[in-house]
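My questions will all concern the structure given below.
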Amino acid sequence: MSRLKSLIVPSVRCIVHRRYCSTERVTNALVTEYRNDIFEEEKRRQQGMVRRLEKIEVVHVGPNDPGTFIMNKNLSTPYHCAMHISETYTKYSVLAMVNGEPWDMWRPLTEDCELSFVRFRDKHPEEANKSYWRSCALILGAVMETAFKDTIYVQLARALELPIIKGMFVYDVDLGLKDWTPTNENLRSLSLSAITMKSKDLPFERLEVDPSLALRLFQHNEYKQREVEERVRGGRVTLYRMGKFIDIHDGPMMSKSSLVSMFTVAGIHELPGGLYRVQAISLPHDFYLHSSVWNKLVKRASVPLVGDLSTAGVDESWRETKSSAA
Amino acid sequence: MAASMLVRAVQNTRQTWSNCTRYASLENAQWTLCLPAVSTILPCRTMTTRRRDRLPLPQRLYVPDRTRTDEDRQAEELTPQNMAHIQESYKEEEESLTQARLCPLKDEPWPRHAWTPESRRTGVLATKIGMMPMWTKTGHRLTVTLLQVQDCHVIRYIPVEDSDDPDKKQGMLTLGHRSCSPFYLSEEYLRMFEKAGIPPKRKIAEFKVSMDAAIKPGTPLYAAHFRPGQYVDVYGKTIDKGFQGVMKRHGFKGQPASHGQTKTHRRPGAIGTAGHGRVLPGTKLPGPMGNVVRYTRGLKIWRVNTKHNILYVNGQVPGHNDGWVKVYDSILYKSKHRKRLEDHLGSLPFPTYFEEEEGELEEDLYDDELFRFDDPSIVFETAEGKKK
Amino acid sequence: MAAFGRVLLRSRQNLCLRWSSSTVEAAKPAAAASPDITELTQGQKNKTQRFISPEFIIPRGMKADFPTKNHMERMDMLRRRSVIDIPEFYVGSILSVLTADPYAPGKYQQFVGICIKRGGYGLGATFTLRNIVNGQGIEICYELYNPTIHQVQVLKLQKSVDPHMVYLRDALPEYSTIDFNLEPVQHNPEDPVPILDTKVILKPPPWYWRWERVELQGINREHMRENHLSQKRLDKMDKHRKPWMEFDLMYEYDTTQVEQDVLKDMQYFENAVRRKKETAEKADEEEKT
Amino acid sequence: MRLSLMLLITHGKRQRKLGGGKPQRLNILRRVVTGLVRHERIESTYAQCDEAKFYAERLIDYAKLGNTNAGAMRIADYWITEKDLIPKLFETLAPRFAEHDGRYCRLYRLPVTTQNTRDMAVLEYKGNPYPSLRPIPKNHPNSIANILVEGLRQDYEKKMEIDMKDQPAA
Amino acid sequence: MATSLLRIFHAAFQNVEIRLLQAFGLHPPPGPALAIPGCHHPLQGSQGSDMTEPSGLSSLLGGVFLMAAPKHRQSLERRHKRQRHPDKLIKPKENLFPCPECGSMMQEGFLCINCYQRIKYETDIIRQKIKETETDGLASTAETVVRYADETITESDKSKRVIEMARKKPHWFTKDMYDEHWKTS
């Protein structure tokens, strides 16, 4: 199998380059392969840089199951610590808090620290909620990229960060289509592909790379290339991979796609610029909403979101002040 | 033993638990998506599966989970404030829907037809709420059953062409009975009521009607559909008595208490003969009693209360108090006294009682022979013909 | 006989103690007395509160207690009560009842007797009168809301200490012999209801029921024990006593809620009648003008 | 099995048998109720706890009538077998529930495990000093489900405000 | 064909021979169809004894208890059908879920045994301390409050009996908030 792969992968790469260079049609599947190859290579390179195993002391602080773990520096992640405690920690934890700061579940630990886990059911799950909402937007992007036929080349533009109280998350997509109004059945098939993605239980991998590599990785997507420049933090850019889908984001993201329980693509409508805005709503696995309540929420999320989105941040701040006052 | 059972159960459940989480995705997939509207509803099995008493029962769609309701689960999830909002919004929806039906609408009402002897009106769904004595004007004591018509609405009409009537003469009218919270109901079941634009109902049932007696979905039905003096048939499910002996089940006489009887006081006696050497099928023997559907036919309506929508029906009616029954126009004596019946039925509101047309009725409609409690006490005339 | 025994054991007077916030009646302050006058003793009867006849109180544990049905039934009862006057009376009172009877000469029948039993509830309520005419005991069970009843008159208002006085059937005839021409004894409505506390001497057995097993106050138990009971029956007597029953709180019946409902319905009925009268008067005036 | 008081009387179903006949049934329940008044939280079989709950609540109703009431004292004297608890009933428990009406007890079932093979339950008076047995409710206002529904509510309130403004104008 | 017929005839003749011998008392009778516990064979058992051998069925039953015994072995299929019928198997519980507090599995409608045990332990300690305050053995009429090392007493609790606990308040200790829930219900 591996031999077969070693034979195929370079050939695919050649095809992509040849085709692209020869201005033949680019498909999302080929681009995804190309991006994954670069991502894998970079990941292997970074892991190879850890020459020597060093031990760090991680203290688990929480109401239940306190303890200290001796873990590997730059290799062990909070998820591995959770595996040492119990299955419920791996299942229900959304984020880790390392020395009081949100930390991805799959991000390696770098020093001695105090560790705690955040769930959706906690008294103050704000960080978890935010990460859930942006992770769902990422899943939505993955759905849009894989759902269309090869004849259509989908370019993801941007995921807007909306507060949860708006009742939706959105992804702007360039479909290369005009005047397309999706039917209810189309929306349903999109939702279904999101649900199947969730059932695969895919982890959200994190990788910090150089901006030049990110530019090379997103060379087939003009919008993402523009985004790379905005996302540079301290000379580095953060990439996230879920399954085979790779996106650029600051993070942090939730641990696994199986934390989603309900996911409905509520509506797609065309923006003035030619882009399409995809609106969806989702609920974590820990919660229960009756179908009649859920239908109300979906109905609300299907109303087209247009115009100035700068007020979104205002709402967010209002929400936070209110919750802190309460 | 019990402990080991639990341990095993836990082990089993651990496996199923993980399976559940894995398969939950598929379940949720079905649940989350808006499936296309399905007009046919999946048939559910009825409650009784006894061999002898298996009769074609109406489909049982309303199957609430009594252990822990969806509403409870929802209340645990949401803050009291949010939960209150959700519940209020349901109430408002229900009100708006009902009001919308009561006011005149944009779409036109269905055409109305005159009554003909071939017409067959719809019945209504009602709740049995108890019994009480009443007296006629001759001092004769009656026992009447009170049937209340509660939020009875027409949900849908299946026209003659689509109905499974072999003669293609009668359509089907689905009625709903007693509004309830949507938390108890499945999404599929709720969709039917959305179409008709009425709040969801606990119980639905079908009635055969002739073509000219079709009523538009969304129309409310009242007790004034029936009038005093009319005869009705009542359809209900009898009280379950469980496994009973022949004396209670078939009214056998039993056997003497003494004179040498050993263990045969309530037994049936001989059940077979030497001739054929077997027990003939259909022999009356002990067995399950009750819990079967029954018609009680030819019950006179003595009084109708239009305010609370109560029918005062003569005699007994099958079923528990708080159980549902179907009330029809009686089909008795149809051939014998056809002329009289036609006169009688022709005077009834057709296809049903509409509030706007007949105007407001009196609170209580009485039969002419019934003693009203407002009237002075009964006096019997003496032989001379003068009153004392 | 057996049938009667069952009825007796099932009757709510015997099994269900009424609670109604008046259970602990003996030591209760008079101000907090409940409207349930049937259960109150003389000193606590508050005349400002209305009398509720016992048939208005539905028995405990009706299979399905429908407020609508109860309301409709009460309305009919109140309608009937607005036509004929059904006075306040108790077990032990002496009543005279006039009924229309198609088979009686003159089409009317009058009967006088002592009320030994009240039964039923709602429109089906009954009361039983007993008298001895020409040495023959006669009991008539009347339906309280039967439209053939023309008049119910209380000749002597008194109240037995027991829930029923069926033991008069086995008592000496002098206790249930009542003169048909008895003059009505006037009773001041502000006075408490007199208590009938005669101790009845029973005839020798056979009896209608084994009275030694039932704890009824109106029977002269000492006389019964000395004259009528064999040693075997005396031995069995204590076996059937249930002293714990008064402490089994589960058998109590809290009637406060029912009483409130009844009072509300009474108020509703009065208002409806008043409104009807006013509209009728208005219509008359309009006609005149 | 007793479902409710109404059902008990309705169908002629008898109370749950606890062994030893009717008088013995009350004797068992007296012991349970006395223990409950003393400790305010007891563990016993589910059948006994479920039956005793009704009596323990009714006893509070009587205690609220006051210790000068002879009827209440008589009932308390019967139901509380250890007499030093009678002042506690009248002076501690009755004032605690003075403003409340109805259910004064809570009943929890214990799972059947290898150690505990009987069907056991815990019965307690509300307002006791011990740590609460009830799980802390998890319906925090910051959970995602609540935020989503609150968004619905805010939309609705905004719409109502607009309607209110429009109405006087119209 | 012929050999099998011969075999049948041979068996039949043998049977007749044995019956004849039995009739003349020259052959022991066949063993009973009912097994007799505590006795190998009725005749073998009595051979060694000097007692005169009683005759008839009543003598056979005298002092011996007869039990029904299977005549044939049941096949595996039959046995498994009976023992492993789906109705007899333990049904898996569907209403188990992880405790929101501690994460161990619990059943719906029941307490979490893990949480209950630590609460019970704490309750016992408090109860023991309450008992120590009641030196005369009579129940106190004062309301009780528990104060942990890191807590201060509110004004309203000052008149109550205070139970001092030396350690810090555990995180799962919540006071019984019966007032709030009363209002909502």
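Think of it as A, B, C, D and E in the order they're written, each chain with its own count starting at 1.
Just so we're on the same page, a residue touches a chain if its C-beta (ideal position, glycine included) is under 8 Å from a C-beta of that chain, and two chains touch if they have at least 3 such contacts.
Composition by chain, UniProt nomenclature: A = Large ribosomal subunit protein mL39; B = Large ribosomal subunit protein uL3m; C = Large ribosomal subunit protein bL19m; D = Large ribosomal subunit protein bL17m; E = Large ribosomal subunit protein bL32m.
Please read all numbers here as calculations on a predicted model, not as lab measurements.
Q: Touching both chain A and chain D, which chains are there?
A: Shared contacts of chain A and chain D: B, E.
Q: If I average the CA coordinates per chain, which chain comes out farthest from chain C?
A: A
Q: Does A-E or C-D have the larger number of C-beta pairs in contact?
A: Between C-D and A-E, contacts are more numerous in C-D.
Q: Hey, how far is the Cα centre of chain D from the one of chain E, in Å?
A: 33
Q: Can you work out the whole-Å distance between the CA centroids of chain B and chain C?
A: Measuring from centre to centre gives 38 Å for this pair.
Q: For chain A and chain C, what's the span in angstrom between their mean Cα positions?
A: 80
Q: Please work out the Cα centroid separation of chain B and chain E, and write it as a whole number of Å.
A: 46
Q: Note the residues in chain B that touch 2 or more other chains, in rising order.
A: In chain B, the residues touching two or more other chains are 77, 86, 89.
Q: Could you pull out the residues of chain D that touch at least 2 other chains?
A: If we look for residues of chain D contacting two or more partner chains, we find 111, 113, 138, 140-141, 143, 145, 149-150, 152.
Q: Indicate the residues of chain C shared as contacts by at least two other chains.
A: Expected reply: 63.
Q: Contact residues on chain E for chain D in the complex?
A: Interface residues on the chain E side: 99-101, 106-107, 109-113, 115-116, 119-120, 122-123, 126-127, 137-146, 163, 170, 172-179, 182.
Q: Can you list the chain C residues touching chain B in their complex?
A: Going through chain C, the ones touching chain B are 63-64, 66, 68-69, 71-73, 76-77, 79-80, 82-84, 100-102, 106-108, 122-124, 143, 145-150.
Q: Quick check on the complex: what are the chain D residues that touch chain A?
A: Chain D reaches chain A through residues 138, 140-145, 147-152, 154-155.
Q: Can you name the residues of chain A that touch chain B in the complex?
A: Listed in rising order, the residues of chain A that touch chain B are 91, 184, 188, 191-192, 195-196, 198-199, 258, 261-264, 285, 287-296, 298.
Q: Which stretch or stretches of chain C touch chain D in the complex?
A: 16, 23-28, 60-63, 65, 242, 244, 247-250, 252
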